[in-house]
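There are two complexes below, and they share subunit A, which is joined by subunit B in the first and by subunit C in the second.
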Partner chain A sequence: MSASSTAEAPFVPKTKVGSFTNFVDERVGGSGILREFGRKVFPDHWSFMFGEVALYSFVILLMSGTFLTFFFDPSMAETHYQGSYTPLYNVEMSVAYSSSLNISFDVRGGLFMRQVHHWAALLFVASLGVHMLRVFFTGAFRKPREMNWVVGGVLLILAMAAGFTGYSLPDDLLSGNGLRIIDGVIKSIPVIGTYTSFFLFGGEFPGTAIIGRLYVLHILLVPALILLMIVIHLFMVVVHKHTQYPGPGRNDGNVVGYPLGPVYAAKAGGFFFIVFGVLALMAAAFTINPIWNYGPYDPSPVSAGTQPDWYIGFVDGALRLMPGVINDFHFEWVIFGRTLTLNVLLPALVPAGIIFTVLFMYPWIERWVTKDNREHHVLDRPRNAPTRTAIGVAGFTWYCVMWAAAGSDLIATHFHVSLNDVTYWLRTLFFIGPVIAFIVTKRIALALQRKDREIALHGRETGRIVRLPHGEFIEVHAPLDEYKRYKLVGFESPAPIPAQPNEHGVVTGKEKRRAALSRWFFEDRVAPATPAELEAAHAHGHHEAIEAGEDQKSLSH
Partner chain B sequence: MGNHSDGSPNHSGTVATAGQNEVEKFQDPGLPPHRLRLADTDPVAAKRAERQVAILFGTSVIGTLVFLVAYFAIDLGDDTSIATIRTQNLLLGLGTAFAMLGIGTGIVHWAKALMPDHEVSEERHAIRTEEDRQAAVRIVDDIVDETGIKRRPLIRNTLLGAVALAPLPALAIFGDLGPRPDNALAHTMWAPEGDKLKRLTRDPDGTPIKASDVTIGSAFHVIPEGLNELHEGKLNEKAKAVVLLMRLDPDSLNPSEGRENWSYNGIVAYSKICTHVGCPVALYEQQTHHLLCPCHQSTFDLTQECKVIFGPASRPLPQLPIAVDAEGYLVATSDFREPVGPSYWERDEHERLINS
Partner chain C sequence: MKALSQKRRHPLAAIALLLMGLLLTGGLYAVATTVNQAKADTTSFSASDVEEGGKLFAANCATCHGMGASGTQDGPSLVGVGAAAVDFQVGTGRMPMQMSGPQAQQKPAQFNAEQTKQLAAYVASLGAGPAIPEQNLLDGKGDAANGGELFRVNCAMCHNAAAAGGALTRGKFAPALAGVSAEHIYEAMVTGPQNMPVFSDSNVTPEDKRDIITFLKTIEANGSPGGADLGSLGPVSEGLFVWVAGLGVIIAFTIWLTSRTS
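On to the complex of A and B.
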């Protein structure tokens, strides 16, 4: 035994698995990684699952999409369909459409894979959207996560791009009309529109190049960018650690939750299989995009009730809402011999432009208004930030009005109302819908805050009615325990910050505008209940409790 | 929040605390006491949860088997009916769903019922420490210093110039993505070839239409003669040339000056491509004489030369001037007198070109 050596004896693995693991570990440093991340704490809440759904949908998209590429042929060459779907037998069509039909009818499991892919795409964009709403309404975009919010916004745009490029690939009648609309929108762009259209389609619409080009964008460029953004997104999640909902024991300096191994990893990993299973169930039972019903693309026919996939709906709806002519005022202008077609350009670009500009800038807007440069890791309950919540609901309402407008014809036929009236109503809602939504949401949020205050100070209603000796009826209120109470009182209620002079002693115009915005944000506010108020409420309640002869219960009304 | 242990003080000027101070706030009581689950205290319940997880995993195995059986037992031959494909799709999907949901719900149930559910608290650390910042600044200074880029502006400026110009070829090389538009959008197949006027033919079979076939109230989907014989660019030409042909009571048409001869006996032909964003205006409301685009609901009034009466389009549908040839077939007497389809930047220029 040479125990005199000061150096530790090198680790010698005893099993085969051990020596294999050791071999890898000595070369990549896995132990250090495991030590860092193996027990990393993740807060748990059902609303944190939306981002996971998006991630898992994307993984499923990659898997099902790869399968589809083995059978899909993105060629616009003309062919006569020879597959087993008899209604289209010998019909002239593009190779792309023919191979999409073959995937559906002649490749075993092909239809299933197509439907999984399409449903996963719809779910991917939807879960991204809901995840972003969750992040917005809980204020998770605040410092230090502003940049990750922007990455999320880029991901939303990329997801819509991935969806649209994929939607067009089967070259069926419906998607062809979608491309036709895109072509019309591109052509409305001043100066470069016509050139852009010719460059995209390789000449006149529809040409023979577009499917192949969209295919490369769809299976290579866009997914690569999405993957890159996901890597950046998750990297920042690791750097920031996850946010947590407010509650006893949680503050901006800690992170409370389950360790990655085993509980969180098991839940998150298991959830992947659940998402996959649900998508498989949808693909099994619900037909999506039955391209065989539409026929090959032909510029002449179109079916009534055409709809884009849901995430493009808001742009299509905006196109529908914009009037081309009001009385005799035309929105198409000829200026210096050039055509400016605002009836297409404005609805195609302006609403989406406003939504994404405000979305990207919002963290900085709120930071400027509140002058708040602290890190926030504890989320806001939406009611505790009434103005932000109201802004979010107003924006969401605006989006939904446009989205509903994309189905204006279906609304008219299903509810037996005039299509023109539906359009007029939606045009009205386009302007006043967000205003109403803002006012209503803000009032509801303030009311919920007052309710929280009431419960924190006077306890929860038990439903037990007691008659006092002098004849008065009261409802018995049960006091909250300190943990439940802290959840209701442990929040900040910022007050407006008046305009402050800068270092030269001057109150700038910008600062005055900020102060005005700050007042608009925070002038209606409900302060959290304080211990002194609770004391006062208790004293009052105790008085009644004695009168009621209730020794243990603290009463109040 | 009541207590900030992230080290950032509540600056009085920058954070609205609304006259509150720490004393007036509730103190954080800390994490609530942990509550044990049934499976933590009752071995029977734990055993039951264990069996449930195993059953869920077993369901997954059954799902996988269902998938394999559906894949191999149902063969898609040449004479497969839609019903068979639907059945196979359903079984493959259900098999996958059970295979995945079995694993997923099993693992989640295992985690929730049997794995420790103690919430733990971990300190957050500063994303950037002041020490790191200073070290990084020193490193950057050293790097910049070693390159000497500040001392040698010639190198800096030539490099900036080179890097600024270098991407230009990357832009230029995409120049052949498409041809220049030129006047392609100004013309359609309807232009007469020499003296030969193009007949109006039925879409899609291409048979010519006699004026006598067109009864009052009827509508035809029309393509130009010779379209089906094209080998290249057939869809491109069709996308510009498709026409809707309708016959109304001649008195209900109100042709403007110069268009009196564009119709024949109440028969009128209008471009089917919407002037909004180019969908086919495929719906003809016979009673009201309206044409409706199903994509965005632009509505055009045939009795007012297809003026826009509702919806997002801003321009009337272009009219195709028609007449009858010696054999009684409908022909186009000229191309459209304006570009068809959605508006574009050069559109007005093209319209002037056509009419000059």
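On to the complex of A and C.
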């Protein structure tokens, strides 16, 4: 580390500030860390910044949340509201709700901070989701980043948990309704459900314990776990280095981009304030979770338009889509004196279970199918992995159908259609939507690949129509420059790998299944234009191209 | 007292007793029923109102509701619906109905106040029903907090806790209540238009109705303390906003920040 200091005499600072900083640096080694990290290279692309948005949102959540804890009282003791919001004056409510109202109306800046906190929470989970979509569609989860993908998935679940526990704290009617649904879902779990619910709520719902318990989870346990996961996540990012999009001079052995210091660090630091500014503007100008509208929680009323925050919406939507009975077939049975309510259990747990299981396993599934054990630091353009992209879009479509179902009542009122029809359509789309999305996406990806291949081979269509001496009309194609062409030809297009015998010379059933999956993955493929093909195309082009001005060098990678 | 004891064996005593009994039970019954039955007073309507209303009815309403408002296949009988129902349906433009559908849609009122009053007078003259509410119940000076509690228990499940409206089955819906006059809110509660249940005076007393109106008018006048209310639709519009506007602006910034490189 200090190779330069060994040869020379010890550094003697000239100024007071210099001697002070040198004193500190000699003891904490800051310059060494800076030298190491300051030269760390990050590729620059707008789609790489969603993780940063999530990180910054989390920092803003910690700051605004700390402010809120000064004034929030997580008690379910009964009180009569004495604050300044007249439509609730003297109404009986819990201390938690009363203190939330006081934060909103009687604490200076309280409503703003509440809204910053809530908007930041929504943005936190949204940017996490978009970040994960970016990672998935560009194949950034491949070796060596599989474990970091899993850490990201855990972060997503933790973010949802943090959001939900926070949503329930004000003890207003909306959050109480949400909690009641969670209680119902827990109770629908066979055998252990009722016991779990009683354990969680300290007795019958709603009891007097749940807000205090959720508070501990929300401000201590879940944020601590999120922080831990963020540290692990960022540590692995440093170890693995950042991925990069394909381009000239970029390969799996290098990282092309900007060093962290000083420009990139300044940009990232500035970006924090941009995110903060956007959230502050939203909080200042747009209401979020107007708890005073909902009134105190009371198990009897349920308001129209009761929904969870967006990230829990897909579970709520699945519950809304589930029919109670189909013709005469009931989804609720009493077995050995215990009720099994599949119409709650199935929609609440199965879709979320499938989504997260596939999400966590996907890197290993693809690794198994492709038998690809190499490290990948250059990303795929989504079109160049048509099946993966199609799987992702199908999954996202499935999610979106359930997501939309959570707003089925608002779709009905705002588009003046029947709520029942909305539900029937969404039920249909629940099953066929992902299939259509898969087929359409895969075809679009393949078509885009063909277009790329065409452009790589024959250049860009200029729209100039030229008549040749013998009367033929041709359209002039302008050849691409090498940098642009590299992007169109520099990718891998894996072919199906047929079943191979193992070391005993046996083709196992598992291997056959892998081969079948490999065929399904890669049988439709558009190979990148090879140098030979490019050569041939250009030779062909030179015969007919009229402009024939500059000689296009042939590519050789 | 002596006179009473001397006359108690008078031949007409039994008849007098019977009359008194009948009067008492009849009177009690009348009192009991008027608790639920808004006063069917046609006193404020003149005979000419009824007559003019009859003409308007025959020309505009009888196609569906039948001559004499006795009802047809296309529209219910209006005998006994009262002046309040007419004032609500015609006053909010729901009647005459533009087209058949899941429920009558609100539109600009087709009759002026005078004509609406005449129609109400005519329909009220056909049979007793809820009357147009008294002004002192509509002043919006009741107890907003009590009204809020009543609203959340009785109304919010369809109309939304912030009175932003909500969906019902098969294309029916509960409308948003912002901008609805106190008179029409009251009349809706006593007559139960479209798919709304009737909240009779024994269920929600006139004073409670006044409180509910006070609550609605208070939250309407208060506006949204936290900034633009995004339709008061709860987490769906908030989620949509953060994805479209919030993330949209952030993406614009990310593109700006990375625009001059690579």
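General remarks:
Operating definition for what follows: the second predicted complex is superposed on the first by the 537 of 557 C-alpha atoms of A that agree within 3 Å, B and C clash if a C-alpha of one lies under 4 Å from a C-alpha of the other, contacts with A are read in each partner's own complex, and residues count from 1 in each chain.
The working rule: contacts are C-beta pairs under 8 Å (C-beta built on N, C-alpha and C of every residue); 3 or more make two chains touch, one makes a residue touch a chain.
It should be emphasised that the depicted structure is a prediction, and the values quoted were computed from it without experimental measurement.
By the touch criterion defined above, A:Gly253 reaches subunit B but does not reach subunit C.
Of the two partner chains, both subunit B and subunit C are touched by A:Asp409. In the superposition on chain A, A:Ala285 makes contact with both subunit B and subunit C.
In the superposed pair of complexes, A:Ala266 makes contact with subunit B only, with no contact to subunit C. Shared-chain residue A:Phe276: touches subunit B; no touch with subunit C.
Looking at the shared chain after the overlay, A:Leu111 reaches both subunit B and subunit C. Once chain A of one complex is fitted onto chain A of the other, the partner contacts of A:Ser303 extend to both subunit B and subunit C.
Within the superposed three-chain model, A:Tyr195 lies in touch with subunit B and out of touch with subunit C [touch as defined at top]. For subunit A, the partner with contacts to more residues, out of subunit B and subunit C, is B. With both structures placed on the common chain, the touch criterion links A:Gly337 to subunit B but leaves subunit C unconnected. The residues of subunit A shared by its contacts with subunit B and with subunit C are 44, 104-105, 111, 115, 256-258, 267, 270-271, 274-275, 278, 283-285, 298, 300-306, 408-409, 419-420.
Those residues of subunit A whose C-beta lies close enough to touch subunit C in the complex are 43-50, 53, 86-91, 104-105, 111, 115, 118-119, 122-123, 126-127, 130, 173-174, 247, 256-258, 267, 270-271, 274-275, 278-279, 282-290, 292-295, 298, 300-310, 313, 406-410, 412-413, 416-421. Of all the residues in subunit C, the ones that touch subunit A in their complex are 102, 144-145, 147-149, 152-153, 156-162, 164-171, 173-174, 215, 218-219, 222, 224-230, 232-243, 245-247, 249-251, 253-255, 257-258, 261-262.
Listed in rising order, the residues of subunit B touching subunit A in the complex are 1-8, 13-20, 24-26, 28-32, 71, 74, 76-80, 82, 85, 88-94, 96-108, 110-112, 115-117, 119-124, 127, 174, 177-181, 184-185, 203-204, 221, 223, 233, 235-236, 238-240, 242, 272-273, 276-280, 282-283, 294-298, 308, 310-315, 341-349, 352.
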